[in-house]
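Sending over a structure as structure tokens; questions will come in a sec.
Going in written order, the chains are labelled A, B and C, and every chain counts its residues from 1.
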Amino acid sequence: MLSPTILIPAILNGLLIGAIYALVALGLTLIYGVLHIINFAHGALLSAALFAAFFAFRLLGLDPYVAVVLLAPLFFALGYGLQRFIIGPASHGDERNMLLVTLGIAVIIENTLLYVFRADTRTIDVPYAFQTIDVGSTFLAVSRVVGFVAAFAVALALWLVMTFTDTGRAIRAVAKEKLGAELAGINVAHVYAVTFGLGTACVAIAACLLIPSYYVNPTVGDAFVLVAFTIVVLGGMGSVPGALVGALLIGVAESLSGLFLGESLGQIGIFLIFIVVLLVRPSGLFGARA
Amino acid sequence: MKHHSQPLKDISPLIGPNGAGKTTLFSIISGFIKASGGAVRYAGEDITGEPPHRLARRGIARTFQIVQPFVGLSVRENILVGAHLHHRTRSAALAVADQIGHDVGLGEFLNRPADTLTVAGRKRLELARALATGPKVLLLDEVLAGLNPSEVRDIVPVIRDLCRRGITILMIEHVMQAVMSLAEHVFVLAEGRIIAQGPPAQVVADPVVVEAYLGHGAAAKLGTSYGR
Amino acid sequence: MKALIPTAAVLAVLAAVPLVVHSNVTLNFLVVALMIALAGQGWNILGGYGGQYSFGHAAFFGTGAYVTASLQVRYGINAWIGFAAGIAAGAVLGAVLGALTFRSGLRGSYFALVTLAFAEVLRIIASVAPITGAGVGTLIKLDLGIRNLQFQSRAAFYWIILALVGVSLVTAQLIERSRFGIWLIAVRENEDAAKALGVNVNGVKLAAMVMSAAITAAAGCFYAQYFLFVDSGIAYGTWISIQALLTPIIGGVGTVFGPLLGALVVKSLGEAAKLLTGDAPGLDLIIYGAVLVLVIWFTPRGLIGGLTQARKLLMRRSGPAAPSAGEARHG
């Protein structure tokens, strides 16, 4: 069981899937870092994005890697609209209310998907679905490798935006000191909405990267997002490097525990890590003391 | 922080420049922050690191620099929370709450929601709540901050009255008119240590104190006798 | 005990219902609504009065259901004892969960997350563990008789669940009038201020959690006896976590009758939706989600809170002793 020929592919695959987790986690940690709420709708949005990618392929014939160009802005707008016109106004600025509103939205989105599309699982067939790359000791799925590279590209792009653009500076200002930012003339509601939009766009990109090698049903997003929650807590709420490192760690951990414990119990492993981290060190590896 | 043992006179103001550690000291005494070293003793016992609620039961109460009323509750209900510490039944606690509400001058506002009070009213509410716990020692953290001169003038007798009930008061304060009129003995804190203590007039003229507030060499510049 | 009169009145009226209503469909609807109300009453103690929002109350519901069912099916234990054991198991779980989370200082979003995760862990374990019947679930044998807590008539079940709801109403009422209650509310409003006033915040939260868990577990035990079947999705699914928090929020968090009112409203909406658009999976939850968002948006204090506010506004406008806006500001 512990021979390198089995371990190394497991670790490599863990890293690859970890990168996709990272994209989902990035969106979550960005939203938390700026709005200081845990977006409970993140999972449902991922499910919705997967369905969108699915139908982009089935109805419009768009390959997921192409559909990204359409879906990312679309979901950015969706996220922007959700925060600006529903979550923001409905919460009246109260953190507890925001939790409930995002929960409500999650329930609405997920059950709408369930109602409209039923619980059947769907997949798409892309020509490269089973293509692999030979990396010496093992074969890696092309789609996963693309996903890995793309995830880092997105993280880099995000970093560039945050560091060098005015919007990025405004976001960082609001994250650090909301009142001060407001007094300096920054439109906080707009910044919140942009942040939410960015987080949702990350999710859409993750969906497009996932769909070639994964399946689609209304509850898939939840499973992913609980992993993303774990990553964000492990890496530190609001920390982008934390999300990346945490994601890779968790990806590898999941891969290895799946190897030793089997599918369903592997999932428990993630949750238990999650609960333990929350109880022992809620600020995570990179986060500031909560 | 340097070890200090303090025989408390009735009202002991604690003054000092910003960042001196006054609120930190209060937070350590009242159990909200852990001290990195040293001990806090009260009535002969070591109480270092005891949690705030247990200290409150011992009779050490504190107010907060930024007032924190229980927003969803009425003024009476706010005081009730404190009153229940030593009074189990609702009726007994209510009686205490009403009495204290009147004592601090909030009698007509007892039924109002706490968030409809002005700043001055909220300060009195902070006082009332802490008082309701029947403290022997009361730590007042800048209870006069944000009040205009007439509001200060109105609340000072309330504070002085607390002394007459036998409560020892330790108060962090920047409002000098109150410090001067309330206290016989003042402590000056700077950079985590007590740099002077004594009667107010003497302390404010002390060049060490002047320098702590205004910087190195200020005492010489201003001349050693300072403050009318 | 004058304050208990409204509760007694409400219970009396509700108890009379099966005497005039004989339709099984309606009775079934009411039984389920009351069961959800009970789960909500439990949530309300920790969330409504205590301000700690749990997103995983299914953990207690499911534990109550499984313990009740398993004890009967696997060990032949009497149904009533099983019921009591289920409640006790819920309480113990609440104590453990509370001790872990509150000692770590978890609040707000983190607390919601941890409770969510806990419920999920239990669901996954229940879906594979042999003791819960794994994927197949646990089926209680149909064996009518008061000894087995199984009845032919819905009215009998109705009165049982009503009695449990009654206990929860009285509990909430007693909490409101007690020292524990004001301390719990103080914790909700401002933990630090409460600490400074002598409130043992962790102790209070823990006690609230245990009570909350026990009451919601009772709802789970009842489910097992009424439907005679439990599986991991039923026991620990998000459907019950959502409804346990939805009903108090809609009816009025931190009020005695909030969850009961909320449950009746929510369930009625669900039924109305089914009548209009047919029975499809997910539809009722869509409505619940929408109602949750709308209630938080427009009446965050729920129906009862909204009514209270309206009444206060009317009193202020018409009362002769009402202070003017300027006077009200003077402190």
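By definition in this document, a residue touches a chain if its C-beta (ideal position, glycine included) is under 8 Å from a C-beta of that chain, and two chains touch if they have at least 3 such contacts.
As the structure is a prediction and not an experimental result, all values here were calculated from the model.
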Two chains joined by the most C-beta pairs in contact, as defined above: A-C
Geometric centre: closest chain by C-alpha means: C
Length of the line joining the C-alpha centres of subunit A and subunit C, rounded to whole Å: 32
Subunit B-subunit C separation of Cα centroids, rounded to whole Å: 43
Length of the line joining the C-alpha centres of subunit A and subunit B, rounded to whole Å: 49
Of subunit B, residues touching subunit C in the complex: 30-32, 51-54, 56-57, 61-64, 68-73, 77, 80-82, 84-85, 88-90, 93, 106, 109, 112, 116-122, 124, 129-130, 132-133
Partner subunit B, residues of subunit C touching it in the complex: 177-179, 182-183, 185-186, 188-190, 192-201, 328-331
Touch list for subunit A against partner subunit C, complex: 37-38, 40, 86, 89-92, 94-97, 99-101, 103-108, 110-115, 118-119, 218, 226, 229, 233, 264-265, 267-268, 271-272, 274-275, 278-280, 282, 290
Of all residues in subunit C, those that touch subunit A in their complex: 51, 53, 55, 100-101, 104-106, 108-110, 112-114, 116-118, 120-121, 124-125, 127-128, 238, 242, 245, 249, 280-283, 285-286, 288-290, 292-293, 296-297, 300
